[in-house]
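Below, chain A partners chain B and then partners chain C, in two separate complexes.
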Partner chain A sequence: MSGLEVQQLTIEYRVANQTLPVVRDINLSVGAGETLGIVGESGSGKSTLGLAILRALPANGRIKAGQVLLDGIDLTRVQGPALRALWSRSLRLVPQNPLAALNPTLRIGDQLTEAIGGRRQDAIAQAAALLARAQIADPMRVLRSYPHELSGGMQQRVMIAMTFHGAPRLLVLDEPTTSLDVTTEAAVVDLLADLIAERRPAALFISHNLGLVARIATRAAVLYAGELVEIAPTTFLFQHPRHPYTQGLLASLPHPGLRYNQNPLQPIAGTLPDPGALPAGCIFAPRCPLADEQCRRERPPLLPATPDHLVRCHHWTMVEPYAPSPATPTINALTNGQPLLAAHRLTKTITPRRTFADLVRGKRPAPMIALAGVDLTVCRNRTLGVVGESGSGKTTLARCIIGLTPPSSGAIELIDIPLAPSIQQRPPEQLRRLQMVLQNPQEALNPALTVGEALRRPLIRLGGLDRRTADQRIPDLLRLVSLPPEYANRRPHQLSGGEKQRVAIARALAATPDLLVLDEAVSALDVSVQAAVLNVLAAIKERTGIAYVFITHDLAVVSYLADDVVVMYQGQIVEQGPVAAVLSPPLHPYTEVLLSASQPDGIRAREADTAVPPPVSGCPFQPRCPRAIGELCRTTPPPWRDAGGGHLIRCHIPLPDLRAAQMTD
Partner chain B sequence: MILRYLLRRVVLLGVTVLISSIIIFVICRLLPGDVARVLLGREASEAALTALRAELGLDRPLPIQYLDWLRGFVSGDWGVSYSTRQLIRPLVFERLHNSLLLAGATLLLAIPLGIGLGVWAGRRAGKLDDTAISISTLAVTGLPEFVTGLLLIDLFAFRMRMLPANSSLRPDANLLEIIPQLILPAMTATLVLLAYIARLTRAGVIHELNQDYVRTAMLKGLAPFTLLQRHVLRNALLPVITVIAISLGWLISGLIVVENVYNYPGIGRLLTFAIDRRDLILLQAVAMITVVIFAVANLLADLLYALLDPRIRLGDETR
Partner chain C sequence: MVNLRRIGRAFFADPATATGTIIVMIFFGLALFGPSIAPYSPTAQNVELIRQPPSFGHPLGTDRLGRDLLSRIIYGARDILILAGSGTALAVICGTLIGVSVSYLGGWLEELVFRLFDGLLALPALLLALLLLGVVGPSRTSVLLVIVVVYTPIVARVARSAVLSLKSRGFIEAARMRGERLSYILWRELLPLVMPTLAVEAALRFSYAIFLVASLGFLGVGVQPPSPDWGLMVLEARNEYALAPWSLYAPAAAIALLVIGVNLMAEGVRQTLNE
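Coming up: the complex of A and B.
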């Protein structure tokens, strides 16, 4: 038969003299030309499953039982040269991180031709054609480049080109767009869907992003702790989830219409079971609101809810989708807020270091303008969302506010007290009032300190408490971020990712700051954990009156949590205002492009040609703008247009035309 | 542009050498013992000593002596040895030539052996042969060179009678005569370097084998050997090459113990000879040439790394 058929696949890892069955008893089939989504959070075993199917498990992993049939051939029995021949001919992988997946010291051309094989001249021609098919504008230049000289999107297009040489029969896409910007992600997903339809391999699309899976896959399987808990056509799965875990995932997912104060997200309680100590009955029972004696005793089989909708739950008939009534958009205008922090005309120019190659070619890298004159006001007890693609300057802005990166020019003041540009020059009182939470809690916590010790330091240093009073405050701080007080004695390695991030938030709150800057603070977290952290942040804000600057690339999170939002592009603010006014409907073409990236047929930005420098004088977004109106955009900086209620848009297109465009689309 | 970078590095190198020259000069003057007394012997009269000091210029102020010496060194006039009355420059250059020979012979042994063992151990990480390689290379590195040297002499020269125990080269020996004399000293120096090269290679191979791009290459269906040499080694050996380039300085001018064990006429033995005889002017010249060799080896290492790795950023080009 044609396509992929996985039967009773069980995979184990050897970790510290222990064998852990990380994936158990998986059955699934994917026809040629079909895309099956594999959904799950970290620890679900989804990447392991993908690698095992390709026979590319790391050295400590092995297939313990089961079959992987590709066009009738059992891949688990193929060895040595036969396996290498299969790899080169039929099996393909598009990995998560394209930069890591390309050899840093070989040119793209060498890496592509090596995969294609045959005579070098033919291989180069074929490689160029593949790159062109992957929508790379200048294939010959890319062939001569090293991986680090390309943007993330280009690197992933190279990987895709490499994947689609010859006639692939099986394609595993392992989070192929997770490291990309939303706008690039949209284009790459479109390309993948296109190529799968054209070449017709059996495809597995592995992702934690439910929305993406819904776009590209016709059916999806949900993995939890190494087991397949539900599989169904994607539309069914997302509208009528039958497994409590799937239901919980969807209820954790921020989407338009949800607001923290009206219809909050419902995170899944508890944590993933330890793969060395799995529960006896249903593996989800310890976290499941429906669990009863039967669930704890016997493992449920995959039951058919409909013929093509299978669910591993005793009580699937009782599962109801989370369908809150949409939030009423309340636009409480910016003017309601009491200003807390203001930035005036902030600029930051960064001169990159030169590479040896630059030197050989006699090139001097152009200075990068990270911030190009940003004016910003943050109000008390409000959340200001800062959104934009990577390179838009949002992290630089955060670092300028905190003082980690002194601006090149401009000033920041805290309710009329000017702040010193650098954190070293700021007195403790100013440090106390501004705190920050970083993206990666793994690296933000000192592994040698217990949670209590990490919290005690800011209490003493910035809070001015003596040691005894500080220690009395620690349990309160932990409760504030919904952690039990006993956690004070734990060390970071004993915490999950979400718990670490909560400790990082607690540490930042220890000094009772007026403003907390959160730089992609929930981006690395699984959706169920992210929902819990977002709700904790919302509760703290209600209770303490703190203000947040919430930096993220995720517009759904901003629309859930933020009161105000600024949209940044290449170091400039292009739109700002109350979140409901800015996002629904989007008026600025860039905001519109960002928002519609998650829609299958949304409006797309044009791909910027890196060879052509952006206009010096005009609108920075003009080269990519789908609604650019011509010469004016290229030559003249766009004016600020006032849409009322603090909503400002920087665009040449008059407001009525922008509004009309949203009505007709 | 590249020339400007090179020029800058060479200027920096010059500054390094200049600072070192001051340190060398000052330390040589601080050494206990009076040159004149050493040269003329204990019985010499005070008048004779004063006359000799004046002849050697030792009675002038130190800065003048320093500048005089430096000018001479730069212009190629390195003076005459106090103890042997020979011209210093040809002497140092002859020894340098010998040292280069020994360094080359050592690298010929150490590089293939160290990398080979490292690759083997890295591919078999955690297995018995990996542990055996790691422990044995470490053990021989831990032994001082005079111990390994004497063991090798005992084994190869006295018991097996395969190789000469004494490597003092005849002045006009041809290469065929020299090679057997090079083997034992080169083996001794190799044993010191081996563990570094092997361990660094092993660590590199293990690190690279776990990288995503190796999996990408594997999934292209490449043969294991192609995978290893084209992808894994290409990246794993980058730091190894740098370490080898840096160790070149030590190999040329730091093999003091090895050269003494085998009586090998290299820079290292010239250095001990100069110290022995309180031959300050010779000592200064040898120390200076050592500094230059180390500085050049380091520059070579930096340039090699930058040439081999397209991602390398040149740290000092900012602002």
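Coming up: the complex of A and C.
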């Protein structure tokens, strides 16, 4: 049989004198030219499965049982030179982080030709052709570049080009776009789909992103705690999941039409079982709303719901189709909250350190403009979403508001009190009123302090409580973020990422701030955990009247949680207004590009030509704009256009034309 | 906070670490109870028993003045452990204070201090020690001073590398956002996290300090006669190696054994803390 066939694959890891069966009894098949999505949250074993199929497990992992047949050959039995020959000819991996996979000391050309092999002249020609096929505009220049000279999207294109040389038979894509911006991700996924259709390897697309899997894969397998719980064609899987876990994942996923106050997300209760202590019956039973005695006693087999839809659940007939009723779009007028914080003409210029080479050449490094004059108003009891690609200045804006990075110029006022630019100069009362939660939950808590100690400190410093009263408040704070009070005695290494981030939120909320800035605070979390945190944030806002500045690259989260939104591009705001007005339908071409990135046939940004310097005086988005109208965009800064109800758009294209474009598309 | 029993078990699970720990403990025992163990006074001369090879009365033999080598080794253990130990402790304290605070503050101060330290480290440790001793003159206090001056920059650099990876972490920014005082951030948030790295470095520094003290003694610029200093004993025995080789073997073996013991133990500390 042509393609990949995995039979009863069990993989174990040796960790501290213990063997843990992290992936158990997996059966699946992928035909040549087919893409199978592998979906699961962190800890589901999806990457382990991918690496095991490629025979690339780390030293402490091994295939305990089962077969991996590729075109009829059992890969688990191949050893030594035969395995290396297979690796070089047939098996390919596209990893999550292209920069870590490329050798930083070698030019792209050298790395590509090494992978291709043969005569150097032929290899170079072939490499250039591959890069051109991967839609790289100037292959010869890229061949001469070192990996760090390329953008993340370009690096991943190079990896993809490297993957498709020769005749790959098996392709494992391990979260290939997770480190990329949504706009780049869209283009890379389009390219991958194209190449797989053309070269016809059997492909496994591993991802935590359900939407992405639905776009590229014809069928998808859902993994939970190392077991295959459901496998079906993607359209079936997403419209009518038969496993309660799949159902739970979908109900946790924010997508357009859902609002926190109308049809909230339904996170999955509980946490992943410890791989050393798995439940006796169904592995999902402890978290399942349908679980009964039978589920806790016997492990369900894979049952056919339809011939090509298999589900590992005793009660799959009881799982309802997933169809949330869409929210009625309501535009909360800007008037129902009084201004809390205002920023005027904020700029931030970062001057890179002068290196020794610069000094010798007598050259000053070019300053980088992170913020180019941002005006912003945050209102009480409202959530302001800040969206944009990486490098758009979102995080710099947040850090300037908080004072962790003093702005180069401009002013910030809290109601009417001017705030000092640097955090050191702000009095404790102002510090109390503004708090921030940072992106990386793994670094949010001091590993040497218990959760209780971490929460006690802001209560004492900013809340003005003595130690005893502060300790009495800690259980309340933990309950506020839906954690049990016993967690006060735990240390950070005993918590999962989601729990750490909830503690970080509780710590920021301890001294009852008026404004909480959340900088990509839920981006690193699994969807089911993210849903729980989003709901906690919404509940706290309803109860306390706090305002949020919610920074994210995920527009679905913004449309779920935010009341207002600002869209940033290269340190400037290009569109702002109430969330329903800005996002449905999107008017500014940049917002449109961001939104349609998640659609298979959406409008795409052009690849900016790095050789041409960006316009100095015109619209910064012009080089990439799919709707640019010519010379005007290049030479003149675009005007603000008022679309009514506080909705402002910065574009040369007149409003009626922008609206008309949305009607016709 | 640290589970002592777990550490103890880990220590003795590995034979190399266990050997090292036992060697070090024996030398500490000699240092503590030296006067009651040693059969003779370390400075008592006996003209009738000069350059005696090892025998029942003098297990390690005697030197050219008829002093009992075993007794001198035992008394010497106390000397070298006190000097190297207190020197290392002082260097670790100074290096930590300077390294943690200056690297957290950053800016021109960090630049100045660490360029200065780099300058000091550019000189070989022994050369720097000889220069210093040339200025202050040889004595116990000078040897102590030398250890502190030579090892403070090294410890500070180790502390710096640990602090640099920590200072931009979220929990430090959270502390800044609640207006914590500098001293709180340095000693309550950062120090506990730097401690494991510094513990390994301290153990390593201790073994180098033993070597340094012995080297200075051997060069005649450290502890002065008639103290039973191991390095000094090697120096004195060197001239009559042909006549009494045992008087060279005893102190040289003592130095080697102690340094090996401390190194094995340091490796154990490193492995235990890395787990």
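Here is the rule we use: the second predicted complex is superposed on the first by the 651 of 665 C-alpha atoms of A that agree within 3 Å, B and C clash if a C-alpha of one lies under 4 Å from a C-alpha of the other, contacts with A are read in each partner's own complex, and residues count from 1 in each chain.
Keep this in mind: a residue touches a chain if its C-beta (ideal position, glycine included) is under 8 Å from a C-beta of that chain, and two chains touch if they have at least 3 such contacts.
Predicted, not measured: the structure shown is a model, and the values here were computed from it.
K.L.:
Just chain B (first), just chain C (second), both, or neither: which does A:394 touch?
P.N.:
neither
K.L.:
Going by the touch definition up top, name the partner, chain B or chain C, that contacts more of chain A.
P.N.:
Chain A has more residues touched by B than by the other partner.
K.L.:
A:54 in the overlay: touching chain B, chain C, both, or neither? Say first, second, both or neither.
P.N.:
In the superposed model, A:54 contacts chain B only, not chain C.
K.L.:
A:354 contacts which: chain B (first), chain C (second), both, neither?
P.N.:
First partner only.
K.L.:
Please indicate which partner A:106 is in contact with in the superposed arrangement: first for chain B, second for chain C, both, or neither.
P.N.:
Only chain B is touched by A:106; chain C is not.
K.L.:
Quick check for you: in the superposed arrangement, does A:115 touch first (chain B), second (chain C), both or neither?
P.N.:
After superposition on chain A, A:115 lies in contact with chain B alone.
K.L.:
Where does A:89 make contact in the superposed view: on chain B (first), on chain C (second), on both, or on neither?
P.N.:
Only chain B is touched by A:89; chain C is not.
K.L.:
Regarding the shared-chain residue A:641, is it in contact with chain B (first), chain C (second), both, or neither?
P.N.:
neither
K.L.:
Any idea which chain A residues touch chain C in the complex?
P.N.:
It is residues 402, 404, 423, 426, 428, 431-432, 434-436, 438-440, 443-449, 454, 457-458, 461-462, 504, 507-508, 511 of chain A that touch chain C.
K.L.:
Touching chain A in the complex: which residues of chain B?
P.N.:
Against chain A, the touching part of chain B is residues 1-2, 5, 210-213, 215-223, 230-231, 234-235, 238, 306-315, 317-319.
K.L.:
Which residues of chain A touch chain B once you look at their complex with the stated criterion?
P.N.:
Answer in residue numbers: 54, 56, 58, 84-89, 91-93, 95, 97, 100-106, 111, 114-115, 146, 148-149, 159, 162, 351, 353-357, 359-362.
K.L.:
Provide the residue numbers of chain C that touch chain A in the complex, in ascending order.
P.N.:
Listed in rising order, the residues are 169-171, 173-180, 189, 192-193.
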